């Protein structure tokens, strides 16, 4: 089953002197969220969960993310290309959408670091998740 | 004088198990680069270097960034809006462009956290830098 | 109730090129663990969970910490001083103790940043936890 | 020549909501400092700069480390064991000692991850540096 939602508890060292979660920590959280998602798509296959390179990320900081309230990191969409996987992210604190993001991953052969077609199980998992 | 280029020496803890610099570290480096740039635009004014919030970042990972070679982080463009500042980034390792990015900052009143017009000195600095 | 054990799922960006969790990420996890603990001691008091400064940390890396297995971060001991709190840490992956650590915190008045006596509720919480 | 002093410019994302450099960032800086040092001891040998594991770190936070002033990270002492290397650290901001630390490294065979005797060139470099 595709894992499309995880909970992240903000950590103090992830704040900065403006008193909120630093933008680079948000970039790190998107990695946590998408690796949980891609890992779930490959679960039980023995395929390497790390066989993705990040081609691009885009992050809109819609509102400040603060300490003290858990963050729900949702995968709100995903689209398969030939070797790429585009993932849409949302971060929520309670009723507040704080971050909207997009990650583009490339599925790679870890030896050559060149693109490899998305495994069928990934395509099936995306379809099963309604993406 | 606008500071449009800084050198960043990759750090070991910024690598990940794929052996290259992790994408979240790159997001962190863009902050280093743009704060050097915005700080230089406000140098000597007594204005707070931290009076910017990040509205969005976009990062294209053009090639892997590796340990062992210094990174030149260039500001390759900048455009002033009313309260926003859009900054174009490039990271180079030797002759290799490894990252292209865009940061959109909003100049804020730190008390209210709402947008405040870009100071004239920022506009002047951008013009002097040829942006 | 004192929170003496939390679970931490290792994150990919916390690894380094040696393929294990980087030592600086472990230092960060000890902060997560001790703030969960001190926060639980002050829960419901309205007292600021952040009114501690770190005086020292000591970390013994007993074995490598790896991706793929959750880490249990235990507070295995705590001793109250006048204004200080010494906390003993253990990190476990399954049956493997991977890290042993000690944090010394100073309870501070956040305005003056000088030491303030440990609140009685902290002493009571330590006693209730068997420390 | 042993590199016993480097300059680190504090980065905004390394601060936390208390307005100073977070303790975990300091742990990361000690890695930067000791890898510069051990790398310099092995320079030109073709030996792998990463053939060290961290056995322990100890950090005393003598004073807060702040943004806005460069940090000088000094190696103030080093002692060779059979397979281990103990390194003494100091961080200074201007005239203020802010951090005193100790790192214990183990020289390892990266294949087996077991201890390997310190290379003679390391012992020679330590002696040349007056340690």
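The first chain written gets the first letter, and so on, giving A, B, C and D; residue counts start at 1 in each chain.
Assume contacts are C-beta pairs under 8 Å (C-beta built on N, C-alpha and C of every residue); 3 or more make two chains touch, one makes a residue touch a chain.
These numbers were taken from a predicted model, which means no experiment stands behind them.
Participant: By mean C-alpha coordinates, which chain is most distant from chain C?
Facilitator: Result for the farthest chain: B.
Participant: Contact counts by the stated rule: is the higher one at A-B or A-C?
Facilitator: A-B
Participant: Please tell me the distance, in whole Å, between the geometric centres of chain B and chain C computed from their C-alpha atoms.
Facilitator: 34
Participant: What whole-number Å value describes the gap between the mean CA coordinates of chain A and chain C?
Facilitator: The separation of the two C-alpha centroids amounts to 28 Å.
Participant: How many angstrom between the C-alpha centroids of chain B and chain A?
Facilitator: So the centroids are 23 Å from each other.
Participant: Residue numbers in chain A touching 2 or more other chains?
Facilitator: 12-13, 17, 22-25, 28, 31, 50
Participant: Within the complex, which stretch of chain A touches chain B?
Facilitator: The contact residues of chain A facing chain B are 17-18, 22-25, 27-28, 31, 50, 53-61, 64, 110, 113.
Participant: Give the list of chain B residues in touch with chain C in this complex.
Facilitator: Those in contact with chain C are residues 12-13, 15-17, 19-20, 22-25, 67.
Participant: Residues of chain C touching chain A in their complex?
Facilitator: Touch residues, chain C against chain A: 11-13, 28, 31-32, 35, 50.
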